[in-house]
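You will see chain A twice below: alongside chain B first, and alongside chain C after that.
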Partner chain A sequence: MNARKYLALTRAGIIQELQFRMGTFITVLGNLIYLTLVYFLWRSIYASSPTPVVNGMTFNDTIIYLVLATALFNFLEMYLVWNISRKIQSGEIVMDLLKPMSYRKLMFFTFFGDNITTFFLTFLPTFIVVFILTKGAIPVGTNLIWFVISVGGALLVNYFIDFFVSTISLYTESTWGINIVKESIVLLFSGATIPLVFFPEKLRVVVKCLPFRCIYDTPLNILLQKDGYTPGSGMWTMLGLQLVWCVALCALTGIFWNFSVRRITVNGG
Partner chain B sequence: MNEAAIANAKRGFSFYARIYRKILVQDLKSKMSYRADFIISTFGMIMTNTVGFMSFYILFKNFPSINGWNYHEMLFLYGFSLIALTPLQCLFDNNWSLRYSVESGDFIKYCFRPINIFFYFISEVFDVKGLGQLVFGVAVLSYAWSSLAIPVTVGTLCLLVLLLITASLFMIAIMNFAAATCFWMLRSGYVMILMFRFKDYARYPASIFDGLFRIIFTFVIPIAFIAYYPGLVILHPDNIPLLSKLSPVIGVLFFWLSYKFWMLGATRYDGTGS
Partner chain C sequence: MKKEIDQAIVMENVVKEFKVLNRHEGLRGSIRDLFSRDYRTVTAVDNISISIPGGQIVGYLGPNGAGKSTTIKMMTGVLEPTSGNLIVNGCVPYKNRTKNCENIGVVFGQRSQLWWSLPLIESFRLLKDIYLIPDRQYDEMMKLYSDLVDLEPLLHKTVRQMSLGQRTLSDILAAFLHDPKIVFLDEPTIGLDVSMKAKIRDLIKELNRMKQTTVILTTHDMGDVDALCERIVIIDHGRMIYDNDIDHLKSYFGSYRILKVRLPGDIWEETVIDESKTDVMSVISDYQKKGKLLDIKLEEISTEEVIKKIYENETNERKKISGIDKSRDNTGIAV
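Presenting the complex of A and B:
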């Protein structure tokens, strides 16, 4: 195992990301405006509700959850499907396939630098601001450690799903369509736009069997110490489930990619 | 007056309509050669709209009304906003590739044609899958319309079309501004992605905002005009706010400003040197 080449890729990713400080600034500013939209919408939703607690979530809980989900989205979303399918269409992918490491690892470590940078530049500041604004509504304890571990799991599950969908685009030569299907399904069924507890019972049963919940629902509820996600009440099951999905998706994407990459057709050079 | 000047003077609407038709036919022909992509894109369009509708539905399962607006009124705004976003999707989709062509230097080709740069660039792509969204929007709006028992007359239908055109101008203007930022900064893709996400909030009544943010979402990022202000004209005809009445004028103004901003960027573009 030669870790140096992976480290070099990650480092390059960090340096590249830091080059575009203007982009980061715009992202942070835009996100603040976006979050005010989320805030106003849910404030009026809760104001119209007859009870202050809906499905075990208070207004504060919901807002913390959604704000951190948005921050997590910025940190996790690397537009991998978009990038890979563009490379497939342009033929640039050939150069990457020639490199002496598996394509899956190459892509992962290329974007991992991005992940690290955005974690510190956008997720952490958002977290601190939310923590101060809500005056300690986020419980602090060992849950922070489990949260970080769970975010790691979320990162991997998200990566494997993205990679799986990118592999499909080897067959379809479609960029936009594939990407939009993936994005809308993942964002809804992972609980990124609406917390899963709000889902109707029947739909929730289905969503529980899908891997998407590992990405937003699991880490955020562990952080907020919601019922069913505390060390005493099923956190281990949730973390175990994440691990199972990681392993399963890893195996699945590996097989699917190795099978599909032989089919690749690149026009011209 | 020399010949060129005479030719220039003749370039009215019909000249541009003829060119648009020619470019459109070429674009559709090239799209037909990627049939799988077309089918998947249409499917993708249906999927995002279905998922969007599901989240809307889930929300209303938990909360019977939002800020005094009931389910059907909200559905009205939802359908209205989908239709109002269709012209952006169908006609102005090429804005999404502006930053690629600016960064790669390909954009220079648009500068050398003797026609309006904005027109030429935008007309290059007609996005067929946007029509799927239109169908979805019409279905939602008709359902809400009949559930609310709003009378159907020739007058209201004409008014509806006018309001929809007005509303569409706002989102087109927002995206023109967002796309044109690539003339000044690198990695401007984030600006477009962010602005495009705002459209999902256009379907909620702007009365949920207050203070400074009411002003921001009305005059700076005018999402309140995409469904709320125009929608009020039909939903509450006996109590129409001034901003609703002024919305066509403001819409044209916003569009004109975004066009000027876009052109400002285009004219100061000097290629990548390669």
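Presenting the complex of A and C:
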């Protein structure tokens, strides 16, 4: 397809996001408060443990992981569900449906501009600060390349999950509850709030079969070169799994959306 | 530039029904509604057939809730008709929504398709890329726009800083930007002041003339109709009740005129003349027989009154028309 129209949307997304730069500062401030909480919570968890290594992670490992997870969250979270449900409720979605392109692409490329902006404004600075402060705790090598690729996969998986939930809001019209449930599930089962190694064995087996882990667990552990995520020990499986989920979710959201929009166009909305 | 397809829109027996949940009142009713399967069918558009040739400006009128927006949404491909055929620019809109969207432009008076926090020029550039408008065509269009309206001060303003009038104007320019074959204007002059309305009417008229664009206009402002529409379609309760040009509309209830005469003592007297029964001259000579006439005014009945009459008439289930002068008193608008 013609890339020109999609690039234009992304460009506009970046310009639009930059207009609200105050929001970025507030986000950074909020992160600091959240991370202070995380720091003291995990410090007491480690203090109550007899060994300095819990589930194969030291205190430093855990904090680095969680700080980067927060930065990644800021970069990946586009509040797509809020945006789309608001458009549906106000009827503004009609204007988007009148654009000569599929709604899924229109939304993706518009919000991709946000992604790019927040990547440079929040993720990259956080990464550099963590990198300097921890003095070499983050390995630097080809893992950075795999990390970036894996973040791309995470972005798509996250987008498709959001889009799927947004589609549900075509039916429910009120989305607050659904969105809260979605956010909780994604943040918990993706390893954004608690690293997956801390999960009970049985739950972990289930969570590893779900797509959510592709969003935070996979890229972060590839970056930190954890066991099972290095090129020698299963990184390819992890990247492959991301790819499989991308394709599967892409097909699923496409079918679900087309079916739902048809239903809306038949019954009106 | 002439458009190849001579019929821009063809509708044949188009019907649109909605399934609506029967809602109950109160808390208990709301809870019951959660599990209710109690639907009723509402017919928003009932068996409408129209064909609109390219290049025409058609006024699509009807009281609130008559089914105008539903029809427009079907024509744009956002809604699927329940039955009947609908062809827009030679294709079925809801089946090829994306393709259909390349050839139409839409302005909903209450919404904007522009990017809220971007300057207008950025929105235009974005639309240029989205609709894949060639550079030359874009430049020509921008030149045409700056000839027609005072574009320069608008271009660098963000849409959220604009007044309603400026925003509507910008939205209309945006809708015509990719030189679509059809532009749908849904109440474009709603909430605008008199001079802005005039500006927007001129703009629509010019663009229609120069680009041969078909324009489908819904409005409640009869000034729009008088200024723009060659043809008028009126629907009510989803049914088409009138489809003809504006001159025929005035004679819809027979040809009426209003005669005002000034009698000695500075008294104005008004008579509504039904030209099928009598004519103006004989009424004047009747007056002259009674006494001296100081002044005479002869006025046409306005579109507004005729339309009002049609709406009312439809509601009264074609009750006998009991003199058009009655509705005049109610409107309170000087003719």
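In the analysis below, the second predicted complex is superposed on the first by the 264 of 269 C-alpha atoms of A that agree within 3 Å, B and C clash if a C-alpha of one lies under 4 Å from a C-alpha of the other, contacts with A are read in each partner's own complex, and residues count from 1 in each chain.
As a convention for this text, contacts are C-beta pairs under 8 Å (C-beta built on N, C-alpha and C of every residue); 3 or more make two chains touch, one makes a residue touch a chain.
What you see is a predicted model; the values in this text were computed from it and never measured.
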One more residue to check, A:102. First (chain B), second (chain C), both or neither? second
If we overlay the two complexes on their shared chain A, which of chain B and chain C does A:36 touch? Say first, second, both or neither. first
Between chain B and chain C, point out the one touching more chain A residues. B
Is A:4 in contact with chain B, with chain C, with both, or with neither (first, second, both, neither)? second
Per the contact definition in the header, classify A:184: touching chain B only (first), chain C only (second), both, or neither. first
Please work out whether A:16 is in contact with chain B alone, chain C alone, both, or neither, and reply first, second, both or neither. second
Mind working out whether A:141 is in touch with chain B, chain C, both or neither, as first, second, both or neither? neither
So, A:94: does it touch chain B (first), chain C (second), both, or neither? second
Overlap of the chain B and chain C footprints on chain A, residue-wise? 20
Which residues of chain A touch chain B in their complex? 20, 22-23, 26-27, 30-31, 33-34, 36-37, 40-41, 43-45, 47-49, 54-55, 172-181, 183-185, 187-188, 193-194, 198-200, 203
Using the touch definition from the top, list the residues of chain C that touch chain A in their complex. 16, 18-19, 44, 70, 73, 76, 78-80, 82, 94, 97-99, 101-102, 104, 106, 108, 111-113, 115, 117-118, 122, 125-126, 128-132
In their complex, what parts of chain B are in touch with chain A? 34, 36-37, 40-45, 47-48, 51-52, 54-55, 58-59, 61-68, 129, 185-188, 190-191, 194-195, 197-198, 201, 204, 208-210, 213, 216-217, 221
In their shared complex, chain C is touched by residues of chain A numbered 2, 4-5, 7-9, 11-12, 15-16, 19-20, 91-92, 94-95, 97-102, 262, 265-268
